[in-house]
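These are the structures in question, set out in turn.
What follows is chain A paired twice: with chain B in the first complex and chain C in the second.
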Partner chain A sequence: MIESLLAGVDVALRVDTFIWISGGLLLGMLMGALPGFTTSMGMSVLVPISFLVGDPLIGIPFLIGVYKGGIYGGSVPAILISMPGTGASIATVFDGHALTKKGKSRKALEMSLFASAISDFLSDIFTLVMIIPVAAIVLGFGPPEIAAVMFLSLVIIAVTATGPVIKGLIMLCLGVWVGFVGADPFSAMARYSFGTSELYDGFHLIPILIGLFALPEIFNAVKEGDMPGARVASFVGERLRLDELKNSLRTIFRSTLIGTGIGVIPGLGQPIAAMMGYIAAKNSSEHPETYGEGELDGVAGAEAANNAVNGPTMVPLLTLGIPGDAVTALLLGAFMMQGLRPGPTLLTSSGDIVFGILIAMVLANILFVAIGYLTIPFFARVVTIKKSLLIPVTIMLAFAGTYLARGNPFDIVTLIGFGLIGIAARQAKFDVAPMVMGFILGRELEYSFGQTLALAGDNWLRFALTERLGMTAVVLATPIIGVLLGRRMSHFRQRALAREAGQAA
Partner chain B sequence: MSHLEADVKFTAVVLLLAVLALVFGGWLIAEPPIPLGPDVLAMSPKVFPTLILAGTALVASIFLITKHRNGTLFVAGSAGEGARVGGTMYRQILFVFITVTCALLLTTLGFLTTMFLLMASTAVLVGNRSVVQVLSISLVVPLSFYIIVTHVLRTALPEIDFIERALVPILRLLPSV
Partner chain C sequence: MNRTLPLVFSSGRPVAFVALLWVLSIGPFAIETADAQFPEKPITLITPFAAGGSSDLTARVFTTYLSQYLGQPMLIKLVPGQAGQKGTLEATQAAPDGYTLVFMDNYRDQLHQYTFRNDYYDTNEDLVAVARINYGQIGIIVRTDGPYSSWDQLETEARENPGQLRLSHSGLWAALFVPAMQIMQNMDLRIRMVPYRGGGPAKAALMAGDVAFSMAFPATIAADIEANLIRVLATAGPERMLEGVPSFVEIGLPPSTGYIHRIIMAPTGVPADRLVILRQAFAQLQTDESYLAAMRRLGENTEYLDGADYEAVRIEQSREYRELVQAIAGQ
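Moving on to the complex of A and B:
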């Protein structure tokens, strides 16, 4: 694996890779800076573009650039107009916009940039260091362990989804079910294909991703109608001084640790990391009362934490094939389109490419700082662009991207079908991310579970008892479901009792 | 006037589909024509879908029962909401109709024509009232994209012969990549 790492260094240092990463960073910052444009929506329409460029060492780093740029870009409208560009920037609003009101928006934007870049760099190094031992452990996994880890991941994803756990479970089940459409992995018999050849191959991931993430956003824009371009109070002011950055380094390092830890666990994601980073910064401050009134440390704490999540999400993705959130599910789609199958054998089969991508990801942070610093004035103005100019371009990219992925017109129908499901789910306040995860992991779970049964033969109880790691994961997952469901039920029960008591009174 | 909550409607549809798929599972999932041994086929193609569908039905039922017990199945509508929702609803239905139509016509009408229709109508539905902006975005962006994809990336997009022939002189003017 060390040879692969060295080969990765060699292949990562290519000019074209850096050009595409820069393009990705710029596009990501643009998408993040536009209020109402989410990173997942932007990435979903750009995944097919990453495939069209052909080389995985260009296409995947391009998307990683979009990912990094998008998470940082979300802080721009959060600071300037108090409207987080992405969910990850919610905590940035508290102090970022207060700084804008004080005429210090430039300082806040620069703090956000440096905190993001430093934490991103450190967490990427962590990813690079961690991936080798994790991959070495995972290489020893057989079907029982993989089935158990998939099961545990699905449970974690469902319970950490936005909104009530039960809604996450419904969407997860729906996703797993959709994954069953097509040929059975063992007997190759058709399931839910209604005799059509298009459905026999199952649904393709790309139209599902674009349909579930991009179309509901466009639909929402249609629902809201055009909004006048936002007015920015100020995007000039003092620049960030070196001593101010030095003062915030402790906060940045703390938030990096928080974000890195959260990134490794599937399903948690940037918004939770940002809130935790912000709260940790506030709690450890000597003057917590100034938080919310324009504290630079508040911006640093939130932004460092949310960007530190980016790299470590690649650890479960590349070693186990488990996407931690919607954006890594899109990255998984991009890997699969390039013929790379994330999972235990990826590092042994395509180690040089994977390490090349990871090293490019680390080096992208240097470009991140340079591009971010030079373009702050530009992105500060981007927040004022009207949606009605960008939504039509997005829908074109959604259609074209879906078609270009395989050149199959049926995928356009799939796009619309899943777009309608996404729209309905959004109206009903269901998070679509568990559905995507269910679709991706459900088939893997079924396959590895089937293999486990075949291995176990008649004596499955003895087999289950000897497969300790697999059993541990299942044993861990079961109480998580039980406790969370129990808590949810008691919450509903308490609310019902309170209502009855209120009516009686 | 009260109506069902959106999440109740969504869950009810999921529940209905899950129950139907469970009931008609025999027709929707084909069994192997010859019996395969347990070392080849450890479980029938029906096992996992049945488990998941049963789980879906169970979870959806729990959700609906809980909503019913809490008295939150319905939501009250306010006076004047109808008129406000009417305009929005009209735009939404029109958007869905246009999107579905364009999806079905993409290969027949070709990429540029379909995208012109889709982008122009979306721009208008989103609220852009500037004819110049709508026309320029809907014409220039798809055309540029088409040229990049077909000429630079050398990948095919569906297009009708007439437009393809009309574009040849423009593509010849561009440097070869």
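Moving on to the complex of A and C:
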């Protein structure tokens, strides 16, 4: 084990490996920054390149670069134009775009970059060191445990949403219900599809994301009716100061822990990690009421958490040969094409190459900072474009990104529909985040709950009390956690109201 | 004649002369065989699967090597959704000009017409086979440290406890589900079927001990067999695939049970000469050493079959699947 680790250092320190990682990172950032072009789509297009290269220490680090760059790249449109290109950047919109509106887009982008790179670095080291002990834990998470974690997450999201708990719950339930539209995952019976073939497959995530987050923002900008020549900001804003980064280090470390834990379990993924990282940052803050109004810590909390997922998803892939999502499934293929067969024998048969790849993955984070830092001035300049030009381009990106995601014209209708819902929700002061998370997690919860019922059979009580104590414990703890968090949040809300009243008087 | 030729040259229009020659000599030939130039633009291959699945990967491998035989690149268009119906629908509605093909398997081609009825297309009428890329034979798998070391033991246990033994599969009427249903139907067993999202999670459920047994293509679990974590109890087909492991026929199943065929289809109505060109390109691919090596590394065989020959297989499958679904519905 130690020998193969050292041999891995030897094989990883190659100039061509670093050049290919850099190329992958840059491509990933550009693809991630393009709304509607998800990381898995980008990797799927680029995977044949790794087939043809024929060297595992070039082809696979290249794809890993695309993966890392893509998850970070998604934060760029989220911060600049309130358009989360993937589920992973939902939580980044809250404070990231608020910062842009305050003329601090550069600060937000740099915080996103540093938070992503630091957490990625730490979680990659964790992966490298803990790959063997962690592999044993992974299998302990079956559908019952995932269902319990999903349930807990939904409750946490509902009670911590901005505004009254009841509004959060309404939006959450609405999101879960929207997720039910389409064929049910077990018997393929159509639900709420009204006999149309378009609705039979249910709604797609990307038009919902862009509709709920970006279209209301565009609507507001148009409604304000700016003077000709007005800009979002006249300059890209200040750089991130070192003390600001230091202040957020606690949040970054916390989110790294959350993201790493979620990454180890196959089937949870970046959207839930980013949301939990954000909520944890908000909840442990001295002034949670300022979150959502342009808090750098909020960007750090979300972005550190979603990038921390990347490294640990390699654990089930490499040690058990089990891909947790589409991205790791593509990596599985890339490994096999290089003659490496992920699974229990991989570390003993080709330990040096695997550790070489993992070490290259750790070192890639240094390149990550460098390349990201160079691209930020270009991205940040977006806000200095005249609004009369920026708004049409944003509208075009919203529609093109939606169509690009899967080439289905019906998604344009979905986009407009959810755009109207988003505008109405903003007028009525409803937070749309619980709705999106309800949509994402509701489907997952339904599926894992259905699997749990299939596993349990007739005698579910015995199943819950003998076979699956972990699940039962989480389910029982959920209402208590929900009530405690809800109380804490309402305390802060009252304080914020009192402060506003004081200011008014 | 003596005068005319120098005239053309001396008039300073050699280009016109060459053009004239070209029109006279090659022109008619070129017009006559315009279709021999097919394909003159990239060909789209619709794959009705999500990014990252084993079918997506297989498609990325053969499209990478196929372009040199087609003379044009083959581009993959992922159209996932509705158990593959969405992509299939798009292919059946595309112009039958040979520029749109679809990547399918036998379950989506012949079985789903009985299980997921739709009013929009009929694979038998709307699609014609170009080539079968390869096939896979499924195996019944258990944990090596579990209680079952042979199919007989597992069968006895399942018979004594109807509906209690759990099996993990990769989705309704998909590659692991169908052979399990065929086993239940042929042997009159009742097994509790637990769905998972794909073959990977289904295997994880077996390794975690959440289910008693599962199904897998032996190539995808080679590492687990090597590490002595997973044992194969039987494999599809009339012949044995692995040493000491009985075939499905030996344990009393029909010889066609548990095969997945990966096939390329074109919309019906493709001009015959274009279909020939497409079929030939896939036939030539079978002589490409890099392609064969790439498929071997993925653990996939390259048992290619020409589209014309595969048409006969489809008819047989259709009959078999109809009987299976009728028998299940009749219970």
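As a convention for this text, the second predicted complex is superposed on the first by the 274 of 505 C-alpha atoms of A that agree within 3 Å, B and C clash if a C-alpha of one lies under 4 Å from a C-alpha of the other, contacts with A are read in each partner's own complex, and residues count from 1 in each chain.
Here is the rule we go by: a residue touches a chain if its C-beta (ideal position, glycine included) is under 8 Å from a C-beta of that chain, and two chains touch if they have at least 3 such contacts.
Being a predicted model, the structure only gives us computed values, none of them experimental.
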First, second, both or neither for A:A400, with chain B first and chain C second: first
Partner chain(s) touched by A:F430 [first = chain B, second = chain C, both, neither]: first
Which superposed partner A:G457 touches (first chain B, second chain C, both, neither): both
Partner chain(s) touched by A:V222 [first = chain B, second = chain C, both, neither]: first
Chain B versus chain C as contact partner of A:F186, first or second or both or neither: both
First, second, both or neither for A:P409, with chain B first and chain C second: first
Touched partner set for A:P392, first chain B, second chain C, both or neither: first
Of chain C and chain B, partner touching more chain A residues: B
Partner chain(s) touched by A:L52 [first = chain B, second = chain C, both, neither]: both
Contact residues common to both interfaces of chain A (with chain B and with chain C): 52, 186-187, 407, 450-451, 454, 457
Of chain B, residues touching chain A in the complex: 5-7, 9-11, 13-14, 18, 21, 28-32, 36, 38-43, 45, 48-49, 52-53, 55-56, 59-60, 62-63, 66, 69-71, 88, 91-92, 95-96, 99-100, 102-104, 106-107, 111, 114-115, 118-120, 122-123, 125-128, 133, 137-138, 141-142, 145, 149, 153, 155-158
Of all residues in chain A, those that touch chain C in their complex: 40-41, 43-44, 47-48, 51-52, 138-140, 142-143, 183, 185-188, 197, 200-201, 266-267, 316, 320-323, 325-330, 332-333, 336-339, 341-346, 406-408, 447, 450-451, 454-455, 457
Touching residues (chain side chain C, partner chain A) in the complex: 50-54, 56-57, 60-61, 63-64, 77-83, 85-86, 89, 116, 118, 120, 163-164, 166, 172, 192-198, 200-201, 203-205, 207-208, 210-211, 220-224, 226-227, 229, 294, 297-299
Sites on chain A touched by chain B in the complex: 52-53, 166-167, 169-170, 173-174, 176-177, 180, 184, 186-187, 189-192, 194, 215, 218-219, 221-223, 225-226, 386-389, 391-393, 395-397, 399-400, 403-404, 407, 409, 412-413, 415-416, 419-420, 423-425, 427-430, 442, 446, 449-454, 457-458, 489, 492, 495-496, 499
